[in-house]
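Can you read through this structure? Questions will come right after.
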Amino acid sequence: MSTTTFSKVRIQLEDFSVTDEIEAMKKVSRNIGGITTFLGTGRELSKGENISKLNFEHYPKMAEKKLEEIREKAIKDYGIIDMSIIHRIGPIDIGENIVLIVAAGEHRKETFVACEWAIAELKRTTPIWKRETTSSGEVWVQDTP
Amino acid sequence: MITLKYFASLKAIADKEEEHLDIENPITIDQLSDIISETAPKMGAMIREKKVLISVNQEMASVETIIHDGDEVAFLPPFSGGTK
Amino acid sequence: MSTTTFSKVRIQLEDFSVTDEIEAMKKVSRNIGGITTFLGTGRELSKGENISKLNFEHYPKMAEKKLEEIREKAIKDYGIIDMSIIHRIGPIDIGENIVLIVAAGEHRKETFVACEWAIAELKRTTPIWKRETTSSGEVWVQDTP
Amino acid sequence: MITLKYFASLKAIADKEEEHLDIENPITIDQLSDIISETAPKMGAMIREKKVLISVNQEMASVETIIHDGDEVAFLPPFSGGTK
């Protein structure tokens, strides 16, 4: 495990392992008692239409900066020990991992709050866009958060 | 010279991903929308009608933001990362 | 992966893999868009004392029954697609996995609520007890939920 | 015959993990606590003072629960599974 691979905030083409991310997080402190994770996955249905493929695009540098801001604010505002945020870009199949938030804390309460806040904030502030391929063709998804 | 970037659905509307413009003096976003309208009128209209988000040097911009030589201006449709 | 290994509710001596449990959950439906997991881990400090070891005991049959009741109620009351609950028993070191709740749903909101409810309900209703080993000796933990 | 089970900290107090009792007729939990007091007075007192949870056939019991021949009665200290 290189530190590059396990930087706490990443946007990457490759899939990630939830177990590996959690184990990397555990190394931060022996005082972690609770870890809440949220994993977003590609689902087949969207507004009643069958999706065959997803594709994510991001604004390089700005997206990473926003994720780092979310991570730092989560640690500061919710009293968790640490957080990692990973978002994939490029083509993604149904059932595949898209985004992972890992919130680690001494107790469980703050990790739930921080994790739920972070994924909502990611959706609100991070320049990442989704294109869905359905039988009607390809469309950029522009649902408001 | 300033750099303009178009993301996601806006690439088709602007018919490009990126372009470079020379500006002599700092300009407002309104003035920038006029310049853009010359080659991509629909894109210029969307900027004036506030149908896109705009960032300057990777920070979200407002209508008051002044663009200076060397800035990177990006036009961003509503985000859809993460999941519902 | 046998179906025995991946029964949705388990109390076991062995460690578990969060990734494997999530992948098993994904097989339930192609409509899963969000998976919230809570992982409880052994932390070093408890009421200011350094813990060197944990040991969990359960009431066989009754504990499994309670976990299954929690799973069924979570699916029914919160509209999630499925849930799995795994709790380890026996000796557990600092940093090791203790308990895992996986809540999978179409959207993220219900999975956070169901997951947080389930871990609180587990603590309240499931006959599992923790013994902590510190420098002062071994004690059964009897904190109220 | 009924089966009594003691868990966690109660094993040391009852000085056993499990015992079997013959009962002729259904009995109340109060009557059961008297029988237990004969060999484990502290345990009997804890039951009467409601300092332990009691399950009958793996369901939580109340003071009104009547114990019948064949039942499994368990004495349960406060739970501490999961994590804080």
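To keep things simple, chains are lettered A, B, C and D as they appear, and every chain counts its residues starting from 1.
Quick note on the criterion: a residue touches a chain if its C-beta (ideal position, glycine included) is under 8 Å from a C-beta of that chain, and two chains touch if they have at least 3 such contacts.
Note that the structure is predicted; figures quoted are calculated from it, not measured.
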Selected interface, C-D versus A-D, where C-beta contact pairs are more numerous: C-D
Cα-centroid distance, chain A relative to chain C, in whole angstrom: 22
Centroid spacing, where centroids are CA-atom means, of chain A and chain D in whole angstrom: 49
Approximate Å spacing (C-alpha centroids) for the pair chain B, chain D: 73
Rounded Å distance between chain C and chain D, as computed from the means of their C-alpha atoms: 27
Touching two or more other chains - residue numbers and ranges from chain C: 33-34, 40-41, 43, 106, 108, 119
Of all residues in chain D, the ones touching two or more other chains: 83-84
Pairwise touch network: line, ring, star, complete, or other: other
Touching pairs - complete list by chain label: A-B, A-C, A-D, B-C, C-D
Residues of chain C defined as touching chain D within the complex: 40-41, 43, 56-59, 61-63, 65, 87, 98-99, 119-120, 122-131, 140-145
Complex contacts: residues of chain A adjacent to chain D: 33-34, 106-108
Touching residues (chain side chain C, partner chain A) in the complex: 17-20, 22, 26, 30-45, 94-95, 106, 108, 111-112, 115-116, 119
Residue ranges of chain D touching chain A (in the complex, touch as defined): 83-84
Of chain D, residues touching chain C in the complex: 5, 7-9, 55, 58, 74, 76-84
